[in-house]
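Quick notes on the structure that follows.
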Amino acid sequence: MFEYAPAPESRSVVRLQPAYGLFVGGEFVDPTDGDSFTSINPASEEVLAEVAAGGVGDVDRAVRAARTAYDRVWGPMPGRDRAKYLFRIARLIQERSRELAVLESLDNGKPIKESRDVDLPLVAAHFFYYAGWADKLDHAGFGPNPRPLGVAAQIIPWNFPLLMLAWKIAPALATGNTVVLKPAETTPLTALLFAEICQQADLPAGVVNIVTGAGETGRALVEHHDVDKVAFTGSTEVGRAIARAVAGRDTKLTLELGGKAANIVFDDAPVDQAVEGIVNGIFFNQGHVCCAGSRLLLQESVADQVLASLKRRVAQLRVGDPLDKNSDIGAINSAAQLARISELADAGAAEGAQRWSPPCELPEQGFWFAPTIFTGVTQAHRIAREEIFGPVLSVLTFRTPAEAVEKANNTPYGLSAGVWTEKGSRMLWLAERLRAGVVWANTFNKFDPTSPFGGYQESGYGREGGRHGLEAYLNV
Amino acid sequence: MTATAMSARSDLTELGRSETALRAFLHGLPGVDQVGAQQRAAQLGTRSIKTTAKAWAIDLAIRMVDLTTLEGADTPGRVRALAAKALRPDPADPSCPHVGAVCVYPSMVPYVAEVLRGPASGAGPAGAAAAPAGAGVVHLASVATAFPAGQAPLEIKLADTRAAVAAGADEIDMVINRSAFLTGRYQEVYDEIVAVREACGPAHLKVILETGELSTYDNVRRASWLAMLAGADFIKTSTGKVPAAATPPVTLVMLEAVRDFRAATGRQVGVKPAGGIKTTKDAIKYLVLVNETVGADWLDPDWFRFGASSLLNDLLMQRTKLTTGDYAGPDYFTRD
Amino acid sequence: MSERVAVRKTYKLYIGGKFPRSESGRSYLVQSGENSTANVALASRKDARDAVVAARAAGSGWAGATAYNRGQILYRAAEMLEGRREQFVALGITGDEVDAATDRWVWYAGWSDKLPQVRGGVNPVAGPYLNLSTPEPTGVVAVVAPAAPALLGLVSVIAPAIVSGNTVVVAASPTDPLAAVTLAEVLATADLPAGVVNILTGRLQETVPSLAGHRDVNALDLAGVADAELATGLEVKAAENLKRVLRPVPTNHDWYADPGLARMTALLETKTVWHPKGG
């Protein structure tokens, strides 16, 4: 047996402070009416740092700082100069990428190979891409001289903390807005390190403000009368509440919410690559991915064969220490999320689907969930309808392309879909009919700063990334 | 594997009787998505193999080396030296295992045999019995069948093979007829392998696909199956004589083929990447590829080999580094 | 105490990532700062031919690099240029011009992954087809750099050509070649692959006609050709293999102004792909 020895990435590159304030007006400040909370390492439950919880007054202070920066500095600044600040930030992220990757894995629980090879390169690339737009907005297809909105309130989730920050902040700043960003309660630390990077880049004070906290902090930010734009990534439930909260206000809103993506495998698929795509679709980032391919639709003529290959492959996954360079699957982000995954998986078994997991030893400390596959799932099962946001795959079957489309679209969501076939024309036929914002063909979970991302229906509205991503932050 | 291919083992043995059946089968194999295969191989290349795992992998890799010289300038003296090195790669360290095989041209086989097996009297000091305890013999591989181009009449290829076996080779590395393969004459390729297989007698047959000339992964998969159906004991990537030699994705596709072939027929076939594998880091990447594609059953010199020459010294240097803690230099190992 | 004796620089050509002397062994004298002169390589037709070979060889790798990668390298050129600001100032170029040239690299760096989004797209053809148009580089571009401003003019013709994946052979300003050779040193340290930019110094009459007639050159940018008759003659030569031609830029052109897209789009081909859609 080829036993891989432990290959832990060193933590020493990260120097955490015991406590963090809010980043307002270019400085770290103590909250005035807020509280504090701790952020833990979900792989060990060790406390990483104490973090301020911003109150209503703190949010107001941050919005005012952003407004001032918008009026006096960032709004009037030529795009060429905004670009240079964003290029600087991109370079600083590249230079400090190992530090950021390790901290991301510590705070989030995702394997270091993903934070190192996926998250961080995409974060830097996103800033590079939007830096380039800052002085080219006239050419973006929105007419001459499109204008920024003003102050953007941005709320991001815990699954890709730094990447979601980049998706929010880079286009907002490139177009001339200033921001107040609230990172997720369980993963605030890389956003605070990003605040230090803003300081290092000499970004003018108040252009980026980071207010940590939980739901109440987010609510105060969304409800603040002086924000011109709200951008939210997270659950559909909270997205709905935000849509209600901004109703009737002159506030532009974009939402990137949940999903229940179908990953459709035809009998002429490149099987070995399809199996990789299925695994990547649902087990990447512990399945904490809004666009995860959580519903596998197999054509009946190859269902058994693909499933056998899939199980063999899943048995190879290495679950464990997120900082071990050979871990494929890390820790579940929080106790609450683990409870939700467990509850839905139990419901799947109780409703009659067959549950399978490979033999795998889970650590004693921390929050863990073994990769799980449910077969014999029907459209009626909860695990086929509700977003689990964990490493749980529901397998269904279909007979014809038309049936595949019907089943894939039979959901209130519409974020993404996957199609596996060697036949190009079938792939395009399906892509045309799938009600999803992103369709991956013979690949899955691919992201690029030039490529727009976002959902249909209850997966939200607006697009992030690409030329389309500018629109969310322009007065057009 | 298509469902039809999986269905009945007896069907597979019938395939070689008809060009139409062969073609239908090979073209019915699932396609290989190039981008996906390359990404999978690249991802496995990021595995971090350290300390005890590395030591284990290095010794295994040494045992898997087919120490090769295939030059017009090869002489008895050179191949004898190589054979001696195969038996004792690191004379300073008796715990160092011997390599898997020595691989030479047919005309050089007798000189290698002399060193590996001892003179006919059996009195030689450097016989297989002198190899480190607990290890098998060092095999003697010979390329044959008008290596490397394979552009010769069949009778000559067969004579080439028989001569190598008669001179003492217990493994034959043949080249497939790429010209026939690329023009879709699968029956011809198949029949040739069957004939060489027969000419090998007791010797093991490694079939070189020359993947660099096949150009696509779909072709690599088809050629792998064709060779296995015709009786190959091993499938090998390359001659080392064309610019594109072994690569991790090509080897991945071939490993998937031997895995699926065993599932369909029950027969296990070995894999040998050859050419361009020069460093310990490369070799370990291949072992990871084997481990996570076909598993422990193939992690053995009987089922996986490296066709290489300079690789061995790098493995020895890394091996020494693990024991001493200091980086070794090339001057401390024999050069051939 | 005696004054230190300075080490003077040899100014050579830039071909295929290397800095050779002219194969002809010739050089010519130019002023290099207030009190000194320098011998600059006088390129021959053979040097021009070598440069085209180098540019062609670099083409597939450069065009095949990701747009992101090309953008990173152009931005790196800006970083390197900023770092060598004083070197250009010592050649008599104003600080403002160096700054403008640096900013121009930044401007074009950002275009690498945006140009296809602005210039390409899906065409809604009347039928069950996906129809997609994407811009591609035209290939090897021969460029006559503007005589002045020596640095900004040069950057303003090189960057828009290479950002999309073209490779270039540049005939530098004959009267002011030192900026071009120094820029080559910037590019050589900016991770730009060898052969993407090749720079010839010397007489335009010697190198440019052979570039204009060269059948393995795809486009000809006559920006710096002031002589209208020469320009017409070159355009006639270029017509032989239907090179894309950019006509001379008037000598009173304001190179500091917003460059727009024209210099990039003139050096692109558009490729349209049809693919059926059917279950």
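In order of appearance the chains are A, B and C, and numbering begins at 1 in each one.
The criterion applied here is as follows: a residue touches a chain if its C-beta (ideal position, glycine included) is under 8 Å from a C-beta of that chain, and two chains touch if they have at least 3 such contacts.
Predicted model only: the values in this text are computed from it and were never measured.
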item	value
Chain C reached from chain B - shortest hop count over touching chains	2
Closest chain to the centre of mass proxy, which here is the mean CA position	A
Centroid comparison with chain A (C-alpha atoms), farthest chain	B
Intercentroid distance (Cα basis), chain C paired with chain B, Å	49
Separation of chain A from chain B, taking each centre as the mean of its C-alpha atoms, in whole Å	45
Chain centre separation in whole Å, for chain C relative to chain A (CA means)	41
Junction residues of chain B, two or more chains touched	none
In the complex with chain A, residue positions of chain B that touch it	1, 3, 6, 30-33, 35-37, 39-40, 46-54, 56-57, 256, 287-288, 291-292, 296, 299
Contact footprint of chain A on chain C as seen in their complex	67-68, 71-72, 75, 103, 106-107, 109-114, 117-118, 128, 130, 261, 275-279
Chain C contact footprint on chain A (complex, rising order)	80, 83-84, 87, 125, 128-129, 131-136, 139-141, 400-402, 424-426, 428-432, 449-450, 466-467
Touching residues (chain side chain A, partner chain B) in the complex	1-7, 113, 117, 268-273, 276-277, 301-302, 305, 316, 325-326, 422, 442-443
